[in-house]
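Notes for the one structure printed next.
Letters are used for the chains, namely A, B and C, taken in the order the chains are written, and counting of residues starts over at 1 for each.
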Amino acid sequence: MSEQPIIRRRQVKTGISDARVNNAKTQSQYQPYKDAAWGFINHWYPALFSHELVEDQVEGIQICGIPIVLRRANGKVFALKDQCLHRGVRLSEKPMCFTKNTISCWYHGFTFDLESGKLVTIVANPDDKLIGTTGVTTYPVHEVNGMIFVFVREDDYPDEDVPPLAQDLPFRFPERSEQFPHPLWPASPSLLDDNAMVLGMHRTGFGNWRIACENGFDNAHILVHKDNTIVHAMDWVLPLGLLPTGDDCISVVEEENGPKGLMQWLFTDKWAPVLENKELGLKVEGVNGRFYRTSVVLPGVLMVENWPGDHMAQYEWYVPITDDTHEYWEIIVRVCNTEEERTKHQYRFDRVYEPLCLHGFNDCDLYAREAMQNFYYDGTGWDEEQLVATDVSPITWRKLASRWNRGIAKPGRGVAGAVKDTSLIFKQTADGKRPGYKVEQIKD
Amino acid sequence: MSEQPIIRRRQVKTGISDARVNNAKTQSQYQPYKDAAWGFINHWYPALFSHELVEDQVEGIQICGIPIVLRRANGKVFALKDQCLHRGVRLSEKPMCFTKNTISCWYHGFTFDLESGKLVTIVANPDDKLIGTTGVTTYPVHEVNGMIFVFVREDDYPDEDVPPLAQDLPFRFPERSEQFPHPLWPASPSLLDDNAMVLGMHRTGFGNWRIACENGFDNAHILVHKDNTIVHAMDWVLPLGLLPTGDDCISVVEEENGPKGLMQWLFTDKWAPVLENKELGLKVEGVNGRFYRTSVVLPGVLMVENWPGDHMAQYEWYVPITDDTHEYWEIIVRVCNTEEERTKHQYRFDRVYEPLCLHGFNDCDLYAREAMQNFYYDGTGWDEEQLVATDVSPITWRKLASRWNRGIAKPGRGVAGAVKDTSLIFKQTADGKRPGYKVEQIKD
Amino acid sequence: MSEQPIIRRRQVKTGISDARVNNAKTQSQYQPYKDAAWGFINHWYPALFSHELVEDQVEGIQICGIPIVLRRANGKVFALKDQCLHRGVRLSEKPMCFTKNTISCWYHGFTFDLESGKLVTIVANPDDKLIGTTGVTTYPVHEVNGMIFVFVREDDYPDEDVPPLAQDLPFRFPERSEQFPHPLWPASPSLLDDNAMVLGMHRTGFGNWRIACENGFDNAHILVHKDNTIVHAMDWVLPLGLLPTGDDCISVVEEENGPKGLMQWLFTDKWAPVLENKELGLKVEGVNGRFYRTSVVLPGVLMVENWPGDHMAQYEWYVPITDDTHEYWEIIVRVCNTEEERTKHQYRFDRVYEPLCLHGFNDCDLYAREAMQNFYYDGTGWDEEQLVATDVSPITWRKLASRWNRGIAKPGRGVAGAVKDTSLIFKQTADGKRPGYKVEQIKD
C-alpha cells in the first residue's frame, strides 16, 4: 500500500472531436445567428389568424420581446406597441376604445392614433403638453387568406424600407418552377395564391426559436417519427434517413428583393435514402413513403411541399416570444376554387391532418425541440455540439441567416420574460398558468 | 432593381419626449426613491391585526426583506428577527416556547429573551460560551385599536431614536383642521382615536411596493373604476378626471417630529373636474360623486378621508416584503362610541364595504399595480416613463420620500425572496402555493 | 422639540459573536467544502435500487449536475453520460436500443457502445467521419444487495484510479470492532455483507446536499424529534441533548485505501446526556431511549448503528442533483440468513420502519434541512452562522471532507438546473411537476 502506483491516464475519446463539421471557423461564419436569441427583427411574422380578431376585438401578443397590440377597426387591422408610454401597462389587458381610429389606455386614458401611433389626447387631461410630441411605434400589417402578418420592427425602422410580405414568405410556384423543378408533384400552392385556403393552429413552444426552427428541415431526424400513427395509417415504410450525395444537395437563394433561404433537393439523386445499418442489424425493404421537399427562408419559415397530402404545402413558423419561448405555427395551404372543394378539404383537415399531422406527427417535433433546450440555453450547445455530414442543412441555414437577417433583436426590456423569475410569474404559475403568447385580459 | 433607393428616415415621434415632466433633473431629485426597491427601513409598519395573534400565538412575517417573528405573551406583543443566529431557520416555522418570556428555536433549542433578543440559553447546551454574547435584533411594537405595528429597523438602530408611531401615520384631525380644513366633512377619524373601530384586510400584491403606493393617491386613474359595482350601486356619476389648477394643489408637510407627507386639495378649486374630451367625443353631465381627499405619509401610508362613507377614513399600506411583493393593507377607520354603533358598522362593513370597496373597487387597483410590474421591475419604467401634469402627485411624493425616509432597506440576504428561483420555490409553486407574507407553519 | 437629543448608541449584542466556534481561521480550514455546492465528484453514489431497473429498462438521473443514463442489458447495468454529443438531448427521454450492447439517441440515431461510451455508428449515417473519434463518458457501476452504485467522475478521470465501492461506504464490522467497539450491540451489519437485506426509499429534497448531510449526525437536533410517533409508540424518554465531554468525542478516520470519515462515540462517557435546563425549567427523568451511534464518510454517507431496531443499521445519502436539490436516500440494512427472516423483516419494515421511521421520524429531518435553505443558498449562512460546542460534529466533517474529497464538482452546464428559471421549468411547474431526480420519459 505504501507504493505509489503509476497512474496511466487513458486516451480520452469523449471530448470534442476534430472530425465535427462545425469547427471554430465554421462557427465564426454564423456568429450573428448565435447572437439572435431573441430573434431577427425587422421581419414579417404571423400574429393571429383572421378569425382570432373580429371587428373591434383587441388582442395583445409578444414577438421578439416586443409587446404588440392588435385591433380591427372598420375591417382593417392595426398593430401598435402594447406598452403605454406613460406607466408601461399593456393596452390590451383591458381594451378601451372610444373611437374607431384610436385606442386608449385603460389606466390613465392616454389615447393613441391607430394609424400613426401618436399620442392624440389624454382622456382627462386633453391639453397636456405631452400630447402630439410622442407616441408608440406602429407595425405594418398585411392580412391575407385568413392570416394577419405584422412587420415587427425597431422603433426607428423607416416605413419606406418595409419590404413586401412576399420577401419573408416561402418560395412561390410556378414562378420558381424552372429554378426548382420537381418531377413528383405539380407547382406547390402558396399562401398568397388566389383562393388559397389556410388551415392550421398555433401554440407556445418552450424553447428557443432557433432550435425549434432547425428541427423542421433537418433530414436526419426521421427516427423521431417512426412510430407516428399517420405513418402506419398510411402504410408508409420510411428509410432510416437521407444522406447528401454531394455539395449541391442544397441551393442557397440570395437574390435581391426576394426571400432569402435554402431549398433542399430531397427525393432527387442529390439525397440518397439510407436503407441499412449493418452495425445495428437494421434493414428496410420496400420503402414506401410520401415524397416531399423542404425549404426555409428568413426569418425562419419552413415550407414542406407536397405535404401532408397532394396539392398541399405545410408552412411553419417559430415566432420568437422571448429567448426561451416561441409561438409554433403550423398551417396547411391548399388552393380550393369551389365551395365544395373547401368543404371537403376542411372535413379532411378536421379528421386527418389536424389530429394526425399537426398534432401527432408534429407533436413529436415539439417534444424534440424542448429536449434540446437545456443544452443550448446557457450556451453550452452552441459551442459544444458535434455536427455531422447531414447537418449541412442547419449549418447552411445559420450562415445565410447570419448574412441576410435585417437586424438582431435586442433582449427584451420592461416586458414579460425580460426577467423570468419575478413573484408575479410565480403567482401565475402557482395558479396553473404557463408563460404564453397572448395577453390574458381582465374581466371586470 | 439595381438602383439603390434613397432611404428617407422618418421623423420619429415615438421616443422619449422633452415635454415629459420627469426629465433627468427631476429624476435626480428622487434618486433615493428609485433605489428603495426593498422599501424604507427604520419605520413603523402594520404587521398583523390583533385578532391574528392571540395569547401565546406565534407568527412569522417578512418586511423589507427582514424576517420577523411575533409572539403574544401575557397580552403583550414581542417582535424579533425570525432567523436563528445558529443555522438560520425561522423560529416561527415550528413555534417552541418554554417560558412566557422566551422563544426557543425548534431545531437546536437556541433560546432568546423576548424583550431583549439576547441568547439566554440553549436547551441542551446551557453552559455554552456563546450564551450572553449575542442575540437577535428586536423590533419595537405598538398595538392600538386592533392593529399591531412593528418598527422595522436596521440591526444597529438605537432604541432611543425610535419615534412614536404617530410620526408614521396619516395626519390627525381635529389637530390639523386649521391647517387642512375641508368644508365638506367634519374632522376625519384617526386610527389613534379613542374608540376608533378598525376593520379591514390584508393580502399579498405581486409587484413592487412603490408602484403600488403611487396608485393610491393618483388622481388620474379614475377610469379604472368606472365600471365598479359600488359606483353604480350608489348612482355616482364620475368626472373623467381631476386636473390641478395651480402649483398649490398639493401641500407638502415636513414639520419636525410629525409625519412627513403630502396633502392633496381635492374637491376644492385647486383641482378641477374634467367633464369633456372633445377629441374622443366624451362628455359627462350631472356629475354626482363621493367627495374625498387623499394624503400620503412616509413610509407609504395612504389616507382617503370621507371614504368609503361618512365619518370614515380608509387607510392603506403597501408593506414591502421583497422587491417584488408587498402586503397590501386596507382598513376603514370609524369612531364608534357605543356597542350599537359598532354592531351596525360591522354589519355594513360585512355587506357593503368589504365586498364592494375593499374588494370590488380596490381589486381594480391591485390589478393595475401588477400591470406595471414588468415595466418597472428591470428599471426600464423608472427611466423611461413619460409623466404629465397630473403626475404632480407621485413626483411630489417621490421627492419628499427621498428627503425624509429614515433609511433605504438593503436587498434581502439569506431570506425568502433574496434568490427567487430556487428549487424550493418551484416545489412550493408546483404545489399551488404563491410567494407570500406569512410563514406557513409545520404541522407535526 | 427644538433641543437636539443626545443620541446614545446602544451596545449592540446582535452581531456575530467572537465566542462562536467557527471563526475565520476555522472557516478557512473548510473552504473547499464551502465551494462544493454541486457536490464532490469522483465518488461512488447510489443511483437506483435494483428493482427500479429491470432487464432492458433505461432510466435517466442527474448527480452532481451530470446527467446519467442507466441501462440493464444481459443483467449487467451500464451508466453513460445522458447527453447526446450531437444536439444534447437526453438519451433516456425516449429510450431506443437496437442491440444489447448499444444505446441510440432517439433523435438522430447517434449510437453509443454501452461499455466504452464510444460513438459506434449513426443509424442513418453509418459512414460519417465522426464515428469512432468521440463518445460519451461512462461511469463505473457496482451493483450489490439490491442497490446500483455509480462512480460519478469527471470526463478525464482514469479507469485505473477508480477505487472500490467500499472506500465510499460506511465503516464495516466486525473488521472495525476493535477500533470502534461498542458495549451495547453486536457488530453492525454492512450493505456489503452476504445476505444483507436492504430496504428503503429515495426522494428529492429541496435544499443543498451539505445542509442535508450535516443534519444526519448532528447531536443537538434531538428536539426536532420529541413529538414523533415512533418515540411515543416505543415509550422512549429522550434526554434534552448530548454534550461532548472532551476532545476525543469524535474519531477521525483517514487511513489510506479506506473510507474517510468520522465516528462519534455516542452513548459512551465521551458524550453526556443533558437532563436539565434550569433557565427554562426543563427536567427529564427516567431517560429511556434507543442507543445508537452515528458516523459519516465521504462523499456524505451516514450510518446510524443499532437503528431503528436491533441488528440493523440505517444508511443515508444526500446525493447532489444540483446546487439546490439532492436525492435523499434512506436504507435499513439487516442480515437475514433465511427466507423466513427476510419475510418477517419485510413485514415489520412495511408496518413500522417505513411509515414511522423513514417517514415520520425522518420527515422531520427533511423539513429541517429545507428550513435552512434560504439562509445558506446565497452564501449568508456559510459566513454568518454562529456555531457552538455541539457543532464539533459538522465542523470536523467539513474539515475532513475538505481534505479528502476526490474533486469538487463544477456547476452544471447545459443540463437541467444549470439555469433554474427557464420557461420550460415554469411550464412544468404550472403543470404541477416539481424539479426532480429521474427523467420523465415520453409516451408516444
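The criterion applied here is as follows: a residue touches a chain if its C-beta (ideal position, glycine included) is under 8 Å from a C-beta of that chain, and two chains touch if they have at least 3 such contacts.
These figures come from a predicted structure and were not determined experimentally.
Colleague: Call it same or different for subunit A and subunit B: same when shared residue numbers make up over half of all numbers used at their interface.
Modeller: different
Colleague: Hey, what angle do you get rotating subunit B onto subunit C on C-alpha, to the nearest 5 degrees?
Modeller: 120
Colleague: Compute the distance, rounded to whole Å, between the mean C-alpha positions of subunit A and subunit B.
Modeller: About 44 Å separates the centre of subunit A from that of subunit B.
Colleague: In subunit B, which residues are in touch with two or more of the other chains?
Modeller: Where subunit B meets two or more other chains at a single residue, that happens at 420-421, 429, 432.
Colleague: Which subunit B residues qualify as touching subunit A in the complex?
Modeller: So the residues of subunit B in touch with subunit A come to 1, 5, 7-10, 12-20, 206-207, 211, 218, 220-224, 227-228, 239-243, 274, 276-282, 322, 324-325, 367-368, 370-378, 380-381, 384-390, 417, 420-421, 425, 428-429, 432-435.
Colleague: For a test of understanding, state which residues of subunit A touch subunit B in their complex under the given definition.
Modeller: 81, 83, 85-90, 93, 96, 98-99, 102, 104, 106-109, 111, 116-118, 120-126, 128-130, 133-137, 155-156, 158-161, 256-257, 413-416, 418-424, 426-427, 429-432, 442, 444
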